[in-house]
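There are two complexes below, and they share chain A, which is joined by chain B in the first and by chain C in the second.
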Partner chain A sequence: MPKEGRPLSGFGLFLLGSLALGCSVLAQQRPSFPLTHFKLRNGLQVILSEDFSLPLVSVAVAYDVGSVYEVSGKTGLAYLMENLMFSGSANVSPRAHINYINRAGGQFNAAASEDMTLFYQTVPSNQLALVLWLESDRMKSLELSEAEFEKARNDHLDDLRQRKMADPYLESSLSFDQLLYSDFAYSHPLLGTEDDVRNLTLDDVKSFYSTYYVPNNAVLCITGNFNKLKATELVARYFETIPAGKTVSPSLEPWIYTKKQVLKSFENVLASAPAFHLGFRIGSPSSNDFYVLSIIDYILLRGQSSRLTRRLMNRNNKIAYQLSGGIEKKKDRAVYKIFGVVNTPMMADQCLEAIFSELDRLKTAFLSEDELARYKNMFKQDYLGRFSSSMEKAIFLCESYLTIRNFDDLPLELDRYLNVTKNDIVGIINRYFTADNSIVLNIKTK
Partner chain B sequence: MKFQRISLWFIILIILAAFASGQKQTPPEGGKPKDFKIPAVTTFTLENGMGVSLIPYGNLPKTTVRFSVRTGSINEAADQVWISSMMADFLKEGTSTRTAKQIAEAAASMGGEISAGTGNDTSGLGGTCLSEFAPDFVKLLTDVLRNPKFPESELGRIQANYLRQIAVLKSQPSSLASTGFFHVLYGDHPYGRVFPTETMIKGYTIAAIKKFYEDNLGAKRTHLYVAGVFDEKKVEQAVRESLKDWKAGKEIVTNVPVPKSGRKVYVLDRPESVQSTIFLGLPVVNPSHKDYIALEVTDSLLGGAFSSRITSNIRENKGYTYSPGSALSAHYKDACWFEQADVSTKDTGATLKEIFYEVDRLKKEAPPEDELKKIQNSFAGTFVLQNSTPGGIIAIVNYVRLHGLGRDYLNTYVQKVYKVTPAEVRRIAGEYLRGQDMAIYIVGDFAKIKDQVAPYGEVIKEEIK
Partner chain C sequence: MKKIWVSLGIWAVFSGTALFSQQEKFRKSAPPSEPLQELKLPPIESAPLSNKLNISFVLRDNVPFMSLEIVIFAGEALSPDKIPGTATFVAGMLGRGTQSRTAADIEGIVESIGGTFSVSTNQDYVLVSFHFFPEYLDQVLDLISQMLLQPNFTKSEIDYVKFATTYDLLGRERNLEFVANRHLFRLLFKNHPYEKFAFSSDVIKNWNLNALLDFFDRYYRPNNAHLIITGNLNLNTVTRKVSHYLNTWQPRELPPMPLQTVKPPDKDRLCLIDVPQAKDCVIYFGTAFPSPGTQDRFALMVLNQVLGGTPTSRLFMNLRESKAFAYNALSEIDFFNAGGVFCAQARVTPEFIAPSIREIQKEIKALTTSPISSQEIEQAKSYLIYHFPVKIERLDAFSEKVADIKARSGGDECWNKYYEQVMLVNGERVFGAAQKYLLQPFIVVVAGDKSVLSERLLELDSFDVFDSKGQFQYLVNKDKKGAAHEAR
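After this line comes the complex of A and B, so read on.
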């Protein structure tokens, strides 16, 4: 039987009644959810959170591995591995996983990032055992045949080529990442390079799987309609016999960077319009700075009424005709990115000037309480959206666990975002959003 | 002797294979599914005829508010294609008391964003806000719905957006094929109209858009849905206060089409195209017909589900295409069934052959019990998933209202799905999915595919309109 860890049952999560204008009855209606967290003897972290409102259950398995673990010459391995997890295991034929979930009327997906590889599915609650059986089978006994490997590698190469064709700015984004992140771990492309992927071998994949796809490097999260005792029994039945792997060593040296302005240009033959990338390097995202940064993101770029959207995409004086960006959060670091497509190279300069003048304006007294409350309410609605289904919640819990390794702060998290003050905002803008911490890549067309 | 040895080896191999596969564990069986009930809906009607449904649901402090209006392309004249969606776009452009910017900011202050759009039979206006703002969000949306300003200053920009969109759609084989296919079925009825011309778009004046609004929006055609967590009393009060004196407006206009069927092959020529985009199908009974649920199950088994027959055949076995699929598309008192697939130019004829093979097979032979059972399980699960969000619930309740399916429809839906028998699937396929009546519409390289598709009907070359 699993060793019972620290049950956090029954704590009411989040949220500020005080910010709610008006209705006091509703302000008390806080979404709360139980949380149980324990570890199996083989090291698998298990998180359970029940909610009986619908006859659905979600299962997410997150492996603490991503492209940052790749070494030079072997890029693309993490992404390829994610796809190979559907290619069959001891008791499941290739792609039968997908059929099982579809036939149960469920949904599934998988995603690989720099820091994490995630598999998740939602099914009718009577099918929990099926999903746990499927996930345990591929954690225990993935079958990596030469034929399936070839097929997955070809799909991967197709994917790389298609993305390149579909996005004329892909290449410049990758080269911007190299300027922004100084180390190989984060500066190489998530999907790898064509040359590397072509040279990957079945042995590379096998050794990646046996190193990282082990219970002691994974989190299993079950959310939705299930009985806790029965679920715990099922988890033990299917996962406890999987042997632990070797301890996985941390992927990274701490990120050391010096503040300095970088200004480069890039000649892009694929794009028809000039563009610019602007980035600011930010310290560790687990620090308090991150709460403030998240609100700043809403002020600058979220929604039609955000500052930069209004300034650059103003109907009467439009200087950028595409604008996107936001926080890119990694395990031990974050960056803030802004990308804009413009009509002429001169307009790129105009955009950059406008961005810095908006940042300056935020440092003076121009942000009213009303405006700040507006951004916070937008933030709150999106934050709550991460709990809007059992699947969203399972993903959130996996990500939270892998980022901060405990749930102590979770009940207070939303409050921390909503308590950000104007002074905090000015402080963070002064610290990070400065010309001498900015990285600019100007994209010129031929 | 030699033969014997070979056959002996053959037998051993078979035994080994059987043994090996016998060693595979089978997945655990699911127990009895738990019941799923659509949450209770409180419905009332204002004096001016507007219906309101309040659907308390879930525990996340958010509220989804949505006005559904019985208007859309169904009310457009032949020279007014897409004017209904231009009207909807204009709603967010300002009211008598708020500018577009003020509308966006007010919504954002409540954690929300407003969206508006039109379809064939219904148009929608709505959004999701934080629960504590639900009554105010209803009022804001009401302002947007009742008092649009239609500022002349925005007309040029919106027209330019439409022209750009049309150009993009006309460059996409999938939108050309679906538009062409629906035109074959519905002809000049609003459901069958193709893209508006540049002259049409440029000719839409503020006066014409306003007139469309005046003619087609009003309380009698509107139903308001509020779903999620909210204070029912306060929301009802806000609804009554802000909407009780809205004009009743005109009655709903119904215009049920008489779709055409018949086996012909239409090819929209795209020389040098490496792929053919295929749409094929025919008119069928609509959601208010007693056979419709059985037809939905049949569609899923034949082509709708990932593990369906056509998909397994042309995707898994033949590898002609990556994402084929069939679907039922329902309008008010009308529906059609179609299968669509993108295939390599050289596989165009072979794909048609396999699709018709599967259609005919189902007609000749009832499907095995367990194949049907898997589809039914999948249906039951999908039904819960689709209706597990406030937005999903509003959509399904609105569907029930549009097609007049009655109170019990949702709570008996899953039972009805499970009641469908293999014999019934066969009957449904024979009665409704008649291969000889299916129109085929293909966007592809005419010269390269015309001989491949000739066996499937008279070939007609189409031009981009």
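After this line comes the complex of A and C, so read on.
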């Protein structure tokens, strides 16, 4: 049975209406749902959140592992492992996991990132035991055969080739990452390199699985329509006898960098139009700066009315034909990336000039109350949008558990973003969005 | 004494092992399902305004957002015959400015209230959707009122919408599935008003201000619309607020809008859309039929589920898992106001095009010749029942479902009696539906590289070749010696 059980203070719905807190029309709504979390004896973290609106239940299992844990010469393991998790376990034949979920009318998916690997599914609430059985079986006893491994590796290599063909700017993006992140762990591609993937062995995969796919390196979250007591019993039944693995100690070096402008160019034979990558190293996701940086992301690039979108993509004076970017966070570090496609190399220079001029404006002039309220509302919409379904909520809770400093503070998180002030923004823009902290990679076509 | 300890030790080892294996027995097989929980959906409450605008409200508490949908019964079927796409054009202009606000202002307002705004058009209706925080309902209604009552269709915005739609369509025309599906739709609805829904980018140049104004004035009327609000409120408040903003929206006598019944194709036909250098190819295999009654509708849904509703259905298991011909294979059924379409589709490698088409034909024929096992029927029904709440869980999907029910005159059988209706389906009804709807002619559209596919398709039959825009090029047939001939 669970070692400790502690209900988290509920996410009581707390509506303040229009506030006089420096934002004219911003209502500070918190998501409202019950939340309990506890740890099993084997170290598996369990999060439960009930919602009786519909007869559905979602289960997400997040493993605290991603490509940043890969070593040189063995890249692509985390992504390959995600696919191999469907290749069968002691009591579930290959791909039967998918069939079970389909037959139950459910939906499922999985995702590997740099710092996390997630498996999630939604099923009718009478099928909770089925999903826990499936997830526990692959956590306890994944069966990795040579044939399944070969198949997954070939699919992975196909995927790598297809992505390369589909995205003419992929290679320059990878080069840009090497400029932004100085160390191997963070700068190598999530899918790995073709050579590395081709040389991976079944033993590599088995070792990766036995090291990281252990209960003490995972979070299990159940959301939706279920009985808490019964769910706790089921979790204990299926997961408690899975042995803990060795303690996974992150071997990641702290990020120490000196501010220095980097300007490079990249000759891209695949791309038909010139482009540019611009990046800034910014505050760690666990720092207080990150709340401000998240709002700055909306000010700069989110939505049609964001500053850079209006400036560079203005219908009457368009200087970029494609503009994207935002915060990229990986474990303890984060960067801000901007990518633009232009018609001529001269327009890339114009874009960079325009971006720095917008940043200068933000450094010297406060945003109006209305403008700040607009960006915060957009942020709030996206934040609360992550509770739109039981599956999204389960994913959000797993991610939050693995990323925020203190999970018990989760109910306060949204307010921390919404309490960002105009002064905070000026301060953070001045701290991180400077020319001497910028990294530019100009992409030239042949 | 020592012997006793040894015996006890042996007993302990064995009993421990026995206990352990007993503990883990539950892992050997999937746990049995518990009884299915009843799905209780909130009722769809409705009330008309004095200007004949119908309002529906559905309570959805425990969500931080609210949804507002407006159905305008002015889909592509009503576009002027000479200007297909007019319905899409007019709908696209809705957010592009009012007498007091520019398009950029509108985008800014929507973003400032943490909302989203979208417009989509289908054969039967236009759906205008807003999702937003509940405290901004008044602002949203005010904006809608301006869009509908004081629109401003400027030349620059017209040019912008025409450009954006062209660009969007040109992008989609690179997608094999889109090209094949659109062509199938054109052939199935040849000379039916629904054909206009499958317009290509060439017609956009004909869109003009006069057609826009005429269409808007004629069809964008409260007596030709239905407004649906979903969220944590009540019908009285909703009606009062909507009335405040939209009661001056003037009704107008609507022109006659006869619904021409959809007919099945008159003969089987094989077509190839040439997409040079395409590495894969796609197959769309479809037939059309008049609107079925409730019984047939649910039987067809089960039938579709058996054939290709999920990756555990017959098509996927055969074409992908067993034969390894296809990347995917599925089937779909769509119901419109004037009829429906049953369509099987697959993406395959060119070398397997002929056997894939034969297998799809075989699978469809099998449904009409031998009854489906009761186990398969029950599995399909379970899926439809179990998956229903998954589909409508998100607020936007939930409110769009309600809008679709209202737009297509669906009743409670599509809502609170959905489970009941699915449960009523049995093997006999499914077999009856298969014989009624699947024995009629089918049109097969293949999209891919002609130079790779031509010979392989000739193994099956003669076929018509079209370019990627859908223009007929020539007919390919075989003479008695098996040589290919092209007839223009």
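As a working rule, the second predicted complex is superposed on the first by the 421 of 446 C-alpha atoms of A that agree within 3 Å, B and C clash if a C-alpha of one lies under 4 Å from a C-alpha of the other, contacts with A are read in each partner's own complex, and residues count from 1 in each chain.
Everything that follows uses one rule, which is that a contact is a pair of C-beta atoms (placed from the backbone, for glycine too) under 8 Å apart; a residue touches a chain by one contact, two chains touch by 3 or more.
Just so we're clear, the structure is a prediction, and the values are computed from it rather than from any experiment.
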Touched partner set for A:Asn154, first chain B, second chain C, both or neither: neither
Touched partner set for A:Ser53, first chain B, second chain C, both or neither: both
Touched partner set for A:Leu130, first chain B, second chain C, both or neither: both
Touched partner set for A:Thr241, first chain B, second chain C, both or neither: second
Which superposed partner A:Gln381 touches (first chain B, second chain C, both, neither): both
First, second, both or neither for A:Arg315, with chain B first and chain C second: both
Which of chain B and chain C A:Ile98 touches, first, second, both or neither: both
On chain A, the residue positions that both chain B and chain C contact, one per complex: 25, 27, 29, 31, 53-56, 90-91, 98-100, 102-107, 122-127, 129-130, 133-134, 225, 303-305, 315, 370, 373-374, 377-378, 380-381, 384-385, 387-389
Residues of chain B defined as touching chain A within the complex: 24-36, 58-62, 101, 104-105, 108-113, 128-133, 136, 157, 229-231, 234, 305-307, 374-375, 377-385, 388-389
Residue ranges of chain A in contact with chain C within the complex: 17, 25, 27, 29, 31-33, 51, 53-56, 90-91, 98-100, 102-107, 122-127, 129-130, 133-134, 136-137, 140, 225, 237-238, 241, 303-305, 315, 370, 373-374, 377-378, 380-381, 384-385, 387-390
Of all residues in chain C, those that touch chain A in their complex: 23-24, 26-31, 33-39, 60-65, 104, 107-108, 111-116, 133, 135, 160, 310-312, 379, 382-390, 392-396
Residues of chain A that touch chain B when the two form their complex: 15, 20-23, 25-27, 29-31, 53-56, 90-91, 98-100, 102-107, 122-127, 129-130, 133-134, 225, 303-305, 315, 370, 373-375, 377-378, 380-381, 384-385, 387-389
